[in-house]
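Several structures are given next for inspection.
Here subunit A shows up in two complexes: once beside subunit B, once beside subunit C.
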Partner chain A sequence: MITRLATVPPPMLSVRRRLVASAREWLRRHRGDLAVLLPVLLAAGLVHAIGMSAFPRYVDDPGTYLSQAWSVRYQGTLSPYSYFYDHAPGGWIQIAMWAWLTDGFGRYDTAIGFGNEVMLLAKLASTVLLYTLGRRLGFSRPGAAAAGLLFALCPLAVMFGRWTFLDNLVTPWLLAAFVLALSPKRSIASATGGAVCFAMATLTKETALVLLPAFAWALWRNTDPHNRAHSLTVAAGAGFLLMAMYPLMAVYKGELFEGPGHNSLLGTAKWQLVDRAASGSLLNGGSVMRQMFTDWLAQDPVLLLGGLVSIVAGFLVRRLRPIALTLLIGWLMMLRGGYVPFMYVIVLLPWSALLIVGAIEAVWRRWPRAGVALAAVAVFGAALWPARLYPMVTASGPQPLRAAEQWVADNVPRDRVVVAHDSIWVDLVHQYGFQPRPIIVHKLDADPAVRRELKRVDYLVVPNWYYESGGGNYPTLLEARKHAVAAARFGSGGDGVVVYRVSEHWRP
Partner chain B sequence: MRVLLIMGLVAVLAACGQTPRVELRPSEPAVSYAPLRHPFRDRQLYLAPDSPALRWQNANGASWLDPITRTPQAVWLNSPQDLDKVPALVSEAGQQDALPVLVAYYVPNRGCSDFRDGAPTPAEYVQWVDRLITLLGATKAVVVMEPDAIPADCFTTERAEVLKAAVGKLSEAGHFVYLDAGHSRWRSTGETAERLIAAGVNVAEGFAVNISNRQSTEDAHKWGRELADLTGDREFVIDTSRNGLGPPPGDGDSWCNPEQQGLGEPPTTKPALEGVAALLWIKPPGESDGICGGEDTYLFSPRQARNLIMRSPHVPPEEREAAATH
Partner chain C sequence: MRSGTRGQRELLCFVTVGLTVAAVGQLILLSLIRAGWEAWLANVVQVAVTLQLNFLGNRHFTWCRRLEDSRFAGVVAWWRFHWARGASAVLSVAAFPVLAPRLGHSAAYWVLLAAGAVLNFCTDRFWSFGGGGVRPVARVLCVLGVLAAGVFVAARYLDVFIVLVSVFMLVVTVTTLGFQLYRWWRPQPEEPDHRDLVDPPRLPGVILVPMRFEEAVAGRTLDRLATLDHPNYLVVPIVDHADDPGTAGIAHAKAREFPGRVLVCPYPEDIAVHNKPIGLNAALEYLEREGVRFEWVGVADAEDLFHPDLLRVVDHRFRETNAAVVQSGVQLMNFHAHPEAVPRGRGRWWRANLTGWWRAANVLEYFKWFQSRLKLQAAAGVMPLGGNTVFFRHAFLRELRDRYGSCWDGGCLTEDCKIGILASVLGLRVEVIYSHELVTREETPTTLAGLLRQRVRWMQGFIQVFREGDWLSLPSMTQRVLAVYVLGFQFFQAFAAAFAPVALALAIWHKSPVVVTLLATVPLGLGLLAVALDVVLLRQFSRTFGIKARVRDYFGLVVGAYPFQLVLSCAALWAILRHAADRTDWVKTTHAGAHLKPAVVAR
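What follows is the complex of A and B.
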């Protein structure tokens, strides 16, 4: 009784002084971790940020999500076009919140620049959480720091982490979910917090749901048997309620089930899971999946293959088993043969980093010499990275789309109908005030509402590969180009951009 | 510790505040177009005093050929020998105070048949053009450049360069060049525009549509107007020599001496069509398209001429009747 009283601050102290005191106490207790973590964060931040405006090249998805975030922020709708449940909207709502809090779209002259900032923050948050999770899995401080560095400096993570992908926002939520699920306090609050974070991950990108077994296992194992039923009921209830918001929204909009004349959650889910062109299995040598995998390995084999090998070790070490299961599910998804997007690798990276370090530490404890040898192998493998990272941090000069955007802003009257690539759409609308709004290129043929409204097309501003490889999906784009002439060219090859001016006499 | 934190924050903020530099300028300078000179305005078209049709008419006393022989037509220059007729043409045109319309048809690899016809080399072609310029002297002519050269499958950047050089020389010498663009059922306007620009349409007066073809004037105009919009609003001429009935039915060889064809609208330098400089008879009507449709010649064929007059909606009934009965 007396000792408990002693830890309670005297009631006379102001709230502010009590906060300061507890912050001091927190800093004092975490001094050691902070001393290790901050340099890791610094390295992670620098390698991620330097050169991120020039590398990697522009791809479709970042512009799509940023246009949807812009729409949430400025129009109060989930998409500038009709939302078709392509993904749960949580990811771009988070981006929109950050834009709202910090005037994100106003601070940058390109939306992609703002997206890059959000990804940098996600990377930093993920690195902190990865370190914390490492500690909760029993890693030493250097071990947790090494896991953080593996994750932050892996060329694949730098490259894919810079693109504004929903998966990069899923990572911190998933890590946070595991951090809370493995809380040493084993309280109902931490279990519930973990479940809520997991639900946020699924609302950010619904594919996170496949990791539910691993997360649930981690949560189960860490709950105190005395109040396990209670903890899990509350946690599951909270997580379920949060996740249920997504289908409930669809029900509210009358768009849960398929039906004529409207988009639907289940209709799109069926498309994503069943109808969408399958990528094939990783085990099939000629599959799209295998090609993507080969491309990933070309960037960095160390983290991916090291992670794969460590799954076995992970299952042998009690503490690591849920993490091993997480990564195992990640790998199994690539064998199933369904559709796998090219940024899927993002899901594998943090868990690989954790398992590699966990495996080495486990070996180290039992057979120190073997542990040293394994660590040396990992360091030796990572020695390949600087050569891969160098072009990523030294890239400079504008991207062809960015240069084309500037040309359009300087040369095209604002009332012309521009068909634009996703990544410059927000800028043309927000910075340069094109009215009528430009048409996002893949909506030209995919969105019936756009087709109905389409009266004319004046300019085409998309990368060359739209005409070369994606031609079959863009008949109206191809037809428009037949009636157009190049007004300006930027860069060359598939990523090059030609600004086409379409004849005013042509009607789509 | 704090120093590290601050340094980190500064570095990170500096990196994200960095705005992308826009140095990538357009890799092609915008095309600048020479001012239009409108050569057809207030001019009458040159009527050749000698032609294969006229010679045949005189030899056979065939007055029914008048709808063809009394109509101004372009003069084709297909070879070095053909240039020999230019001095006479120059003096005739001076006497008529009329604007001659010439067709240059001697580009290397003219028929896309392994350089078997046309000038043997680009250099020889340019020399040929130089000689044409010398022979024309002070007489300014309309030169329709190289039927089919631009839409042809064997179009290359080398051909574009040769054409560009020729167009530049002729324009600089004061002549009025119209590059053949093909017709409305061949290549798209976008593709044609890129080829025309590569071939120097910016210093030419414009382009020609429908040469030797039979697409309706309306279709030719619609297509040409779109093409003009893509090529700096150059003006264009339409060949109406044989499009009176529009395109013959069918595909493949149906273009070659078809049964279904008639003379088109007579040439005019005052067409009531936006963007059109003149309607011209560029292909001499009656000249066979080749060895097909019952013909065994590339030369003048009275059978073709008769058919064109008989079926033309633009020829008065009594003249059609005369052609049919003689």
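What follows is the complex of A and C.
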């Protein structure tokens, strides 16, 4: 009798078989996309990776972030010096996690080399996500691939993408946030995933927060009335909770508010927003901002200006509007007149690539001839790129700082006090075991704890530009050089490095 | 005198077995180390081997005479032995860093060894090999002792404890959120309108209505049940003529009023205990004896007003899916108490409004349970059912009787949960209907104490079902894990929600590392998110059912969220202690009170 009753479908297959089956199904559904995407990824990876150790020159920030990642990995602290809330720590914690999983600092003989690897991964992830986002915005496969290529091959993106900057880690998180927010399933999980990715972007670099209106708009538009309230509540709650970890950390350490004798989140935030030397507005001809912008354009005007023009078109096409808003916010930030760092351009590039392709496809659909013409203009503009990319992929020879590091390792006893540039600090500590630890040059005068414990200085290993342009910020460094003799020279000009041996009779 | 010599023999054997096994263990350890094994691996192997030797030695040597006359299976003794030895080992390891600085290392070692031996002897003697005859008082003391030991270990390793508990709470809160949102996980419209069902109902059925001291509502309920839209069904009130002539009189009057529709079934006179499962079993046998032909059996409570179209939908669902069970939604309605529904007296308005906090939470529990969790559980094949508005195939009930002797378990406090688990064990299909129009509308318990009692009964019933272990025969591992989760859920959630702020406070007070404190913050944050979600759901509830939710209702919901969890936690603790003390007499106590405070009629 009982056999007449329906039974539950046989309880789920084993986990492994289900995974294999769903992977196969996924591959079958996405093979067209994969066929288009893989060549794009290959091109992106090759152009990014070939020559990345020799170009571009060493700058300050990568060394700083890598020293902080090293500190997370090996000391369990957020910085080798006292952490002063310069940025949310998510970015270098991610680098440290990757180092921990793969023994990153052990695999390379320079920390910068490891940083380059992380940036390569970020570039590849960003390219995949850019392609996916393009498809979710309704682009054709060639269109999405073109957006990926624009982003991956633009000389400006290659150059800035190679430096170990937090902004390069923000890009994949932001793109992932939009990809999930525009998920066709419209499930609570995708909305929540999007919000969590956005929160990760802000924890990687807090500046991503200015894009919140655009992200929220994209998320809102893609929700369905049947589960909108639930999706948005859970997404907002989860995203907010993750973001709140940063200020909560400050609260638990007793460092939220300014006070004597400790760093504080709000104190640093005030400095970043109000007190830090403003870069001026882009509209102001003589401003620092304008100078930076000119430098960017010198690398490549196509993507940047093409994106600017496409903002207008983006607002006219319904599904592109949140993307257009994202890029618009990015441009408005340059008009505001506050402090803008020189790597700021990174945030504009992926959205420009998307909008350019989106605008061309939109025109193409309505007026095919005009679309062809626009595409031709874009291709013509991009034809300038190979000439600019050539020196980037063919650069060779060690960087002056790297050569100086090698010299110090070979010639300086390990117990000497070395004042070193950020980029080589991790190597001197991790590879060569200098003890006492070298002092990062910009902590020499900025960190009270370093000042207190400074008894002597034996060597200075810093690029020349520190003595030339930035000298005002480094009085102790300049004073030490007055009592030093040059022991070795590498390269010339501002990027050149002179290793100074300081007189043992001089006391800071 | 005989027991004295037996005790001496056991003590001697225990010490001999202990020393012998210790010596053997030492030899094993030395030879493994000499063979070049890693120290930790050698230690683990040695511990595992000596534990088994110890068990075998004591089982067949020390306690053999006690076990001769015991019905106790070796497996139970093995499990108890390992739990007890594990606990004493953990306690010793935890106590060592406390004692060592005071007594010196070697003294602490020997003291702990001796204490451990005494403890092991006692647990062996009274628990592991004690033959199961543990008195309730001892069991309650055991529960309290385990709690105290837990608190001691936790206080000793507070950071580790906070991390473990936070991860556990995180898992519970995330799964709770996920499960209660299952219905809205992807955008999907409401269930198709039942008015679109055009095919006529065909399967004959019966609705069983256990009634006891329900004079206030019986007539109304039977009126409604007798006039549902279905051509071929019987309403069967189950009444106790000797005990409750009032209700019996009403039932017989209705039977005369609706001949061929209402059939009164007597509660068995020879059974002193009164409970629902016994009545249901008796009614089923009575109907079969009377030769009534029916395909399905529905269960209604005395105050349940079924929707007139419900039977048509159930009938259709039975035929369409051939399911063994169809569960339809039950929904509490009064998320705020109207002053007129509160007993007369001073401060009625206040008393009505001050109960809103737990009523709203209770109403939303049903809203989430029947829309989301039941559907998820039906899909996963692990299914505790609700107590009413549930319909069984007659064939399924006969199968249960053939296998287990009765359909509903008369000894179980939550027979509805158990019968659902049994359906899952048999691999049968359970269907869930939740349509806002068709739900059976009920009201929250009249007082908070009533809610607390109800919860203690449910939780104790779930412990019973868990201990009986039918869920162990579920077909797949995933289902068994899910069954543990489903049966333990009320306890996990009560603990997680109530403990979240405490964990954070502990972390801050103990100045734990910032990472630990941040981790301890996450469950609390998710708890706040759950409250926000409750606000969204209350709004949705009030729109769906057209009952206006006022600002004070939302306010009560938010402010009362944590106290409500505390009430549930109290209920959980109480249920565990009652279970340990072997007190399963709920049914009598609740029903003794029931006629003094007649349930408010559902409208």
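Heads up, the rule we're going with is that the second predicted complex is superposed on the first by the 494 of 508 C-alpha atoms of A that agree within 3 Å, B and C clash if a C-alpha of one lies under 4 Å from a C-alpha of the other, contacts with A are read in each partner's own complex, and residues count from 1 in each chain.
What we mean here is this: contacts are C-beta pairs under 8 Å (C-beta built on N, C-alpha and C of every residue); 3 or more make two chains touch, one makes a residue touch a chain.
Computed from a predicted model, the values in this text were never measured in an experiment.
In the superposition on chain A, A:478 makes contact with neither subunit B nor subunit C. Contact with neither subunit B nor subunit C is seen for A:93 once the two complexes are overlaid on the shared chain. After overlaying the two complexes on the shared chain, residue contacts for A:409 are found with neither subunit B nor subunit C.
Of the two partner chains, subunit C is the only one that A:226 touches; subunit B does not reach it.
In the superposed model, A:212 lies in contact with neither subunit B nor subunit C. Measured by the number of subunit A residues touched, the leading partner among subunit B and subunit C is B. In the superposed pair of complexes, A:253 makes contact with subunit C only, with no contact to subunit B.
With both structures placed on the common chain, the touch criterion links A:186 to subunit C but leaves subunit B unconnected. After overlaying the two complexes on the shared chain, residue contacts for A:241 are found with subunit C alone; subunit B is out of touch. Interface residues of subunit A facing subunit B in the complex, by the touch rule stated above, are 34-35, 38-39, 41-42, 45-46, 49-50, 52-54, 108-110, 113, 116-117, 120, 124, 396-400, 402-403, 406-407, 481-492, 500-501, 503-506. Across the complex, subunit B meets subunit A through its residues 1, 4-5, 7-8, 11-12, 15-16, 18-28, 30, 188-191, 193-194, 197, 222, 225-227, 229-231. Of all residues in subunit C, only 177, 181, 184-189, 321-324, 381, 393, 395-396, 398-399, 424, 426-430, 475-476, 478-479, 508, 514, 517-518, 521-522, 525-526, 528-529, 532-533, 536, 539-540 touch subunit A in the complex they form. Listing the residues of subunit A that touch subunit C in their complex gives 1-2, 4-8, 10-12, 185-189, 224-227, 229-231, 233-234, 237-238, 241, 244-245, 248-249, 252-253.
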